[in-house]
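You will see two complexes here that share chain A, one where it goes with chain B and one where it goes with chain C.
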Partner chain A sequence: MNVPSGISLDQAPPIWVPLRFFITAPLFALTAALLLLWAGPELFSSRWDPAMLGITHLLTLGFMGLVMLGAILQMLPVVAGTPVRRPALVAAIVHVLATSGIILLGSGLILTAPLALQIALPTLGTALLLFATLVVVTLRRSLPQNMTARAMRLAALMLAATVLLGLTLLSNHAFGWWLQARERLADLHLTWGLLGWVGLLIAGVAYQVVPMFQLTPAYPARLTRWLAPVLFILLLALAPARHLPVLWSTLKILLAAGFAVFALTTLWLQTKRRRKQPDVFMYFWRCSMLSLLSAITLWLAAQIAPAIGGMRGYGMLLGVLMIVGFAMSIMNGMLYKIVPFLVWFHLQSRRGATGPAVPNVREIMPESRTRRQMWLHFAALAALLAAIVFPSPFVYPSALLFGASNLWLWLNIVAASRTYSRVDALLGKASTSAG
Partner chain B sequence: MTERIVDARWLEPPEPMELTLAALNVLESGERLRLLIHRMPHMLFPLLKDWGYDYTTHACDDGSYEILIWYKEQVIPVGGPESS
Partner chain C sequence: MTTISEFLAPDHKRCDDLFAATEALVASGDWDGAAEGFSRFQEALQHHFAMEVEVMFPAFEARTGMTQGPTAVMRSEHRQMSDLLNQMSGALARKDGDAYLGDADTLLIIMQQHNVKEEQMLYRMADRALANELEEVVGRMRAMT
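For the complex of A and B:
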């Protein structure tokens, strides 16, 4: 593993640095579910509908974005080999700005309120560009052989590019100026966001966490060395290639092939795992990789048979597979590893060598609770896909399932955080009475 | 010198760390702990340092690691894994 060992305990960020992001994130997905419930089948009429854009951003920025920001702030000192200066302050600034920006963006789009969008513009822009800069600058000190650091850095560059495009589109919505290339920029914005920022980050993190938690062999060295940089270049090349149809199609096919290689390698590694009992984490990863492969297959089918691409709901199916199936599944699974570990680790370091025992990770996040939530998430994914094809019977059940799944996820994270606060207070009392 | 062994090879994180810390809790004075593990436990080392333990690491031929841990006030053990 390419993680340097020079990090001391006092360099690790305080537990509330990542937790404040993780506790907020599911609330945005829950809000999206409630809005779906409120809007009903009409919502699926167009992916460009402002309300649909608002709900999509509650998931991409509100859920996925916040989980990724929190996880990166936690991982950055370990991956970079040096601590981030004043992590609690950085986390507070980014969290407050990002959260208010997402609320403003979501409500501005859903309620067609230009003023909210005008305020969202500097708020979100500052939070996300500040964060992307922090990641790129901090990781310049990482070891050159650290492939996770490399992928994370490229993902942060993609975040910056996605945000700049997003801000341009947002200013168009906020001020109503004429933007001829709006649809083209929006396409690039979502491709860079989902494949660049999210895809590259997931690949980079997978190099570490799949072998570590699923006890699989390591990813092939050639893949970890080349995949992220090649995908990054292909994604960048999409921008100037828009007017060259052959190059445009070739780049997209190569991108699809690159992500398919990643998904198939991950599934193949999972078959080689040493721990044979499948757990919640593995199921979430498997669902995510299968969703990614389904999205690639559907996209390829539309390239071969354009009639498929022209079908109602095609873009929305791709969106649900990529956002709820690929990205949210992995993040949901990752939260069930990161949150209990952080609670346990911080309590361990608080208790010292001789303090009272602290609960273990299985007590902090019992599998009985996470497993049921996982099935709810899978059911919600299936129902959402069905709702795109058959809106009237499936929209309301899918919204209810999706809402229930995210409410349950939130409750599980809150329960683990409360365990931390409770045991932390007990440890404080024990050390006072011992002193 | 008596020795306790924790075989944490191919256990899912953070089980190796949980077992090691549990074993350190019951380590008697003069005892040392030998941890067998399939990857370098980077997260464990700062805790050991903070709690007053010293350790040596040794990479085995099969790709696993042996970590020898003892309380700092003890003398560095003889015949343990090479220091790295």
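For the complex of A and C:
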């Protein structure tokens, strides 16, 4: 029998394994904001516009994808109970391939450059499929009662399915062959990506971190046992159900209900928290759950009144609520817990019993800075939503706010990494002079 | 008959509650209340460690022969938490709220991960390994007040 020890150094991967992903991610969101600034209100005309697709992928793959990859590489040994072999090498391969693939994909779509897309195809495909395989295989060793591991594994399977669909669509853009089912595949690709890969992963991680950081009661056992597998099966069933309208709508309504249950349970648990100190982490989660519920409500309204679904900007509103509101908010909040803790933990472990004092997590990531960045993110979200409905007055302010928020997030992460390097050098000096 | 899980897991919750209450007092600047709250929290946590280190871990190690396994990891985490408790006690004496809350944030993460590992792994393993002597082991821990 083996006990997972998330907190002993021989199990935790080197700090740069997750950090290299976290430092790169906000730069992609910043680039997306600059592109929005450059393209102006035109961009919001259609979500199928190649430039819009490019920008969307800078957010979903560039920001969200990299944050999730880094966080999972950090968490895998804890969740699975055994370390990943050669973590620094795995991280380097996945990070370099994914980052160059995302740059190629983004520029290929935005500049309509088929050659860039043709190179992006094997690059991104290798990085993401390699990663999905690593997660599925590693988590085989996790304990059956570990519901986070289970959800994470299902999410990784959804990642693989999303990537395979994405590669098919990408090859269509890159080589210009005739793909009859393009729109249907694209629909499935974004549903599996956002609800399957991102949604299931967030649910699985929430089971651990919401009770842990706010001292809320645990999620109900029935929910953690059934929610992820049921959502997974519903998502899979969408593929063959396309031609059966009744089944198709039933599946979608059940999916919406499942995610609504998750969001409402999370908000309800937070009201029962025993730790009354409100912090940025909690506000980010709240914003995320409210965005998810708003997206579900908007979608439901469109099912009841098709005129709403036909409105200009309907799909974009759902996209911004799910991507910027639901996913990016949580990841932003999680980064503010993960990064300072990792810096503290690695420094503390190096320090040993004696040696210079190590700064605490609030000194590494001061709340005054994270709180202001959080308000900027909320303002950016509101402005982006407004820009979809009223493009001309809101597009430029929303791009500026979104860019500023991500630049600030990046600066906060870089500052924490520099604190690590600085104190690490001090510790090195202290240990050589002591030895 | 009470199992080790049934006896020790609720004690985690008791420590969490004392932790949260003290943190709120520090945040509100009630230093007298915080000092009292902290000493109760520290006492509760150290008492919990003592029950494990003096009674449960040795019994488990004697039965299973695993001295370098899970209990060694738990002991080293106890040390990390004790170090943080000392720093928090110092911060409280200096009435340095930021230092206290910063260390408290760190302690909470370690404490919660530690609790999850104990509740999901070690206590269950111990309940199986010590099935024939549960009454005696739990009785000895209960006697430690």
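One rule holds in what follows: the second predicted complex is superposed on the first by the 427 of 435 C-alpha atoms of A that agree within 3 Å, B and C clash if a C-alpha of one lies under 4 Å from a C-alpha of the other, contacts with A are read in each partner's own complex, and residues count from 1 in each chain.
Definition applied: a residue touches a chain if its C-beta (ideal position, glycine included) is under 8 Å from a C-beta of that chain, and two chains touch if they have at least 3 such contacts.
Keep in mind that what you see is a predicted model, and the values were worked out from it rather than measured.
Judged by the touch definition given at the top, the superposed model places A:R274 against both chain B and chain C.
Looking at the shared chain after the overlay, A:M212 reaches both chain B and chain C. Touch criterion met: A:G352 reaches chain B, while chain C stays clear of it. Of the two partner chains, both chain B and chain C are touched by A:V361. Shared interface residues of chain A, touching chain B in one complex and chain C in the other, are 1, 3-5, 7-8, 78, 212-213, 215, 274-275, 341, 344, 348, 360-361. Chain B meets chain A in the complex at residues 10, 12-14, 18, 21, 24-25, 38-40, 42-43, 45-47, 49-53.
Those residues of chain C that touch chain A in the complex are listed here as 16-17, 19-20, 23-24, 27, 69-70, 73, 76-77, 80, 87, 98-99, 101-103, 105-106, 108-110, 112-114, 116-117, 120-122, 125. Chain A meets chain C in the complex at residues 1, 3-8, 78, 143, 145-146, 208, 211-213, 215, 274-277, 337, 341, 344, 348, 360-363.
Partner chain B is touched in their complex by these residues of chain A: 1, 3-5, 7-9, 12, 78, 212-215, 274-275, 279, 341, 344-345, 348-349, 352-353, 357, 360-361.
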